[in-house]
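Once you've had a glance at the structure underneath, I'll fire off some questions.
When the chains are written out, they are named A, B, C and D in that same order, and each has its own residue count from 1.
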């Protein structure tokens, strides 16, 4: 299986499951503030979608004894692409077999990345029109724009923590067909962070080093907004609603993302990012590598990265702060 | 009483009363979409305030058999200023005497402009902190930012229709101490529209000619938003909610206001305007006069003014379209 | 050659050539107002690039006796993809053979769409760092952000006029691997406009019906801005600089693009569009079809489409207005 | 002279003189980046205006052996107001006598605030139309919008450093007729910062404590932009042009100003602020007082104030860092 073939096999990040020890408060955050809509519920979970989601859901929120991340699902670009990727994953010894899909999702192949984050791969999705009260005024839109206080458009990316970044990035590149676009290389030569994409977006998934050496943890998940103004407005909304703002708004040097980071009530870090998509159209883009010296300059406009950004991950690791 | 003295006697536009034949729908529009908060109710009226209102209310919404405008209230800049303006109004033969103020407003002097629009003048206001659930995170803010779908910051201005513009503008200037900043003069020499201010804002009240020759009618009331992006977002919100968008977003040539006009469910035209304030700091600003030829060029970026903008006023005049 | 294979073979729209009868004024428009940089010149042409262009250029501006569009270049996603598309074009009988590429572009295969618009296909590109004075502060950026009055980020799409839309759309889909995302179908059943994409952007190329029945003409080319605010600012800049604003800013119902249309000094219609990219991530997106009745409602926020938008194309057709 | 009378006597902040040891670079900053236009020059000074300035100039830039602030000019609201304020200043023992005004400014009364900052008071101004090449497209605008990389609309406020804040604030209030709107009170009871206004803007002049105990120094001067997006764009422009960004963009808790601070090449701190005007319409606004505990929370969205913001003033004080 050539790299050329793998490259287009994953269409996009489809959904992610988030664990929360404060289910009701977390649900309030995502539905009342961000404007996600509850489309289904089962057991300890609710399934949420944004107004631009064509699929059944993009966020599964699950009551749990800790914060953290559950399964991440990638949709393939065709049925054949699904078969090709399953074969590659199995060849890499990381396959875990088929399962019934989550609501609205067809048959699903399960696997884990080298760091142990559980993942799904699927092609079939159910496409059903929203109920009348959520029907959009314009027919080229998934559903009605909610006008929530801090409305988000779309689940944008997931930033995993991993004990070893490079191993996971290589897995994404070689087995899943992702392309690294930017990375941080320490003076030791070790890659401490890598941004990879499956689309024309400049990144869809990120791995950064877990300073605790733990496995399977989350740095943050990110939602794209329509405008930077939406992020400035969101900052006011979070201030008024007692949501902890960790850092931002500001602009990252890496990927040039305009960002705001908050902790949802369950403790998971959530990013609001814009532009909706910074495109990389170049099919042979050379990975951009940042040195420690370059990173020490801070973010694009000079703000120093705050300490918790390097230390806070979910779930918490006992014995670390 | 010199003009110099009069000039600073009115501090700002305080409140306006709007009539609506569809009370529940109009209330939904102002509270659910624009984020005004109901602070009191009596009889057929509710009193509403925006998050930046330091007074008790800025909009009184009253169930009525037609649309249209009720009383407009101006707050003076001091108790002495109130006395001076009352004396001037009485000298001009337009005074109607004192009445108890509306909720939260002290003793109120009533009068009417030459076109017959009923008006109030007052100095005393009640300043009470909002209930805890509406308390702002920052203490220099009247109350909590609501994050409504089409949040407005402040009642900005009122645009009256009048059978004769110049008479009313002269009354505002000479008796109330307003300053005209821009006007439209027809080829006949008649003034067809005049914009006047009491503040550093470039206008607070506007008179435009009522083509039906009627008295006491309304062209529109306007709310200021924080940003132009708020107006673009509001346009999407109105589209999704079936609120009739009459024209915009675009930029007026006159006053350079970025605007959006909609009809609230009761039929009154509502403008959303930005910047929050275009300042005129010059204390001897020369009135800008626009000719018919200049007006025929359309709005700032070339959009032609649509027909209903010249014909729709409230309440409707029987026998006209 | 399966459709599945074709789908990813064209990476993106690479460059376009524009003809102008007023070369100096057109060059002023693109360089001084939009901030494109002249990177090369030969004969009657200059080659221009935007600050986000990784390639040598994206606009070739050529002095000509009329306005209109010259060659459009598509970059393929690999060398193998170029071979596959050349074979498909030749099989479709539309191939015209190889030529030396334009400056910075490798060997180039030439062909024409069914309407006769000349096109190029290429894989190889020269990637050279910008001169020091145009070096960006952030290394993940093609070159320095120019801060021009109406700065654009990227050539976004081309909208061709064609005597017969469907034939051309089918060619783009079946031979080039594009996907239609939206289209207008008249009551007669005829397709009057079709939007197609090669990327995750919701469209890269558009065909709309030429009411004159002519071939090879242009409706407009479009540049993406970073923000809607950039478009509002651009409108002021065009007003101040005497550039004819045809319509906008407003939001299209089709594709939901926030737009501004002007005529560059040579007469070609130029669109400024935002968001930088409205993404379609769904790999099996169903084409959205708009009826005549739906189109008659005007743009997203209700503005009626102005007449010249249906009649102005370049070059002008003698005997039509 | 009653406070009531004094309150409206100063119309607005008119101009400020800035000293720079790097004249050419500072001039480049203000003209090429911010879009100010040079309208006159004499000796070691140039006179600059923004596109929204109705007066001759608002910034006088003067070559000097150090950075720092020269004269600040306030325009009165009438000739009588000028006489009243001169009498009050003389009664307070701070008057320094009349001088010929700067270019475009009529006869000028000179004085100093208690901290020794030199100031001017004037009523007469020359109003002349800009040269044709700078004529605006819309007649209600001072001159053509320049579309500069980091265009500013207007000189907004001046923030002085003073050895003793309260004395200076009291002088502004009692003698000049300003109104304090917000202040910082230390646990010791001392006022460490005070914001005062002469207009409907929430502040025009600020005094903050000079930690070095020096007199006559500057914390920053501020320019208002049309939008927050203008400030985000300006940050990119300063990054590309090697202008030192000290802090921001962020939102102040005090006054809720969205800000960006840079050092112009001469070393003076320059703020870019928005909204163009946060209005205080309430004529009897109660001053908002911030405690040390409240200040320790950082800015509105939680960013900690950086150290240099407390220590950097101009000119530098020998022996302090």
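Note that a contact is a pair of C-beta atoms (placed from the backbone, for glycine too) under 8 Å apart; a residue touches a chain by one contact, two chains touch by 3 or more.
Note that the structure is predicted; figures quoted are calculated from it, not measured.
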item	value
Pair joined by more contacting C-beta pairs (C-D or A-C)	A-C
Whole-Å gap separating subunit A and subunit D, where each centre is the average of the chain's CA atoms	45
Interchain centroid distance [CA atoms averaged], subunit A/subunit C, Å	32
Distance between the centres, which are taken as Cα means, of subunit D and subunit C, whole angstrom	46
Residues within subunit D bordering two or more other chains	138, 227-229, 236, 239, 300
Overall pattern in which the protein chains touch one another (line/ring/star/complete/other)	complete
Contact set on subunit A toward subunit D in their complex	228-229, 232, 235-236, 238-239, 245-251, 258, 300-303
Subunit C-touching residues of subunit D, taken from the complex the two chains share	33, 136-138, 144-150, 227, 229-230, 233, 236-237, 239-240, 242
Residues on subunit D engaged by subunit B in the complex (per definition of touch)	4, 7-8, 11-12, 54-55, 75-78, 80, 127, 138-141, 154, 182, 199-201, 226-229, 253-256, 275-279, 281-283, 285-286, 288, 290, 294, 300
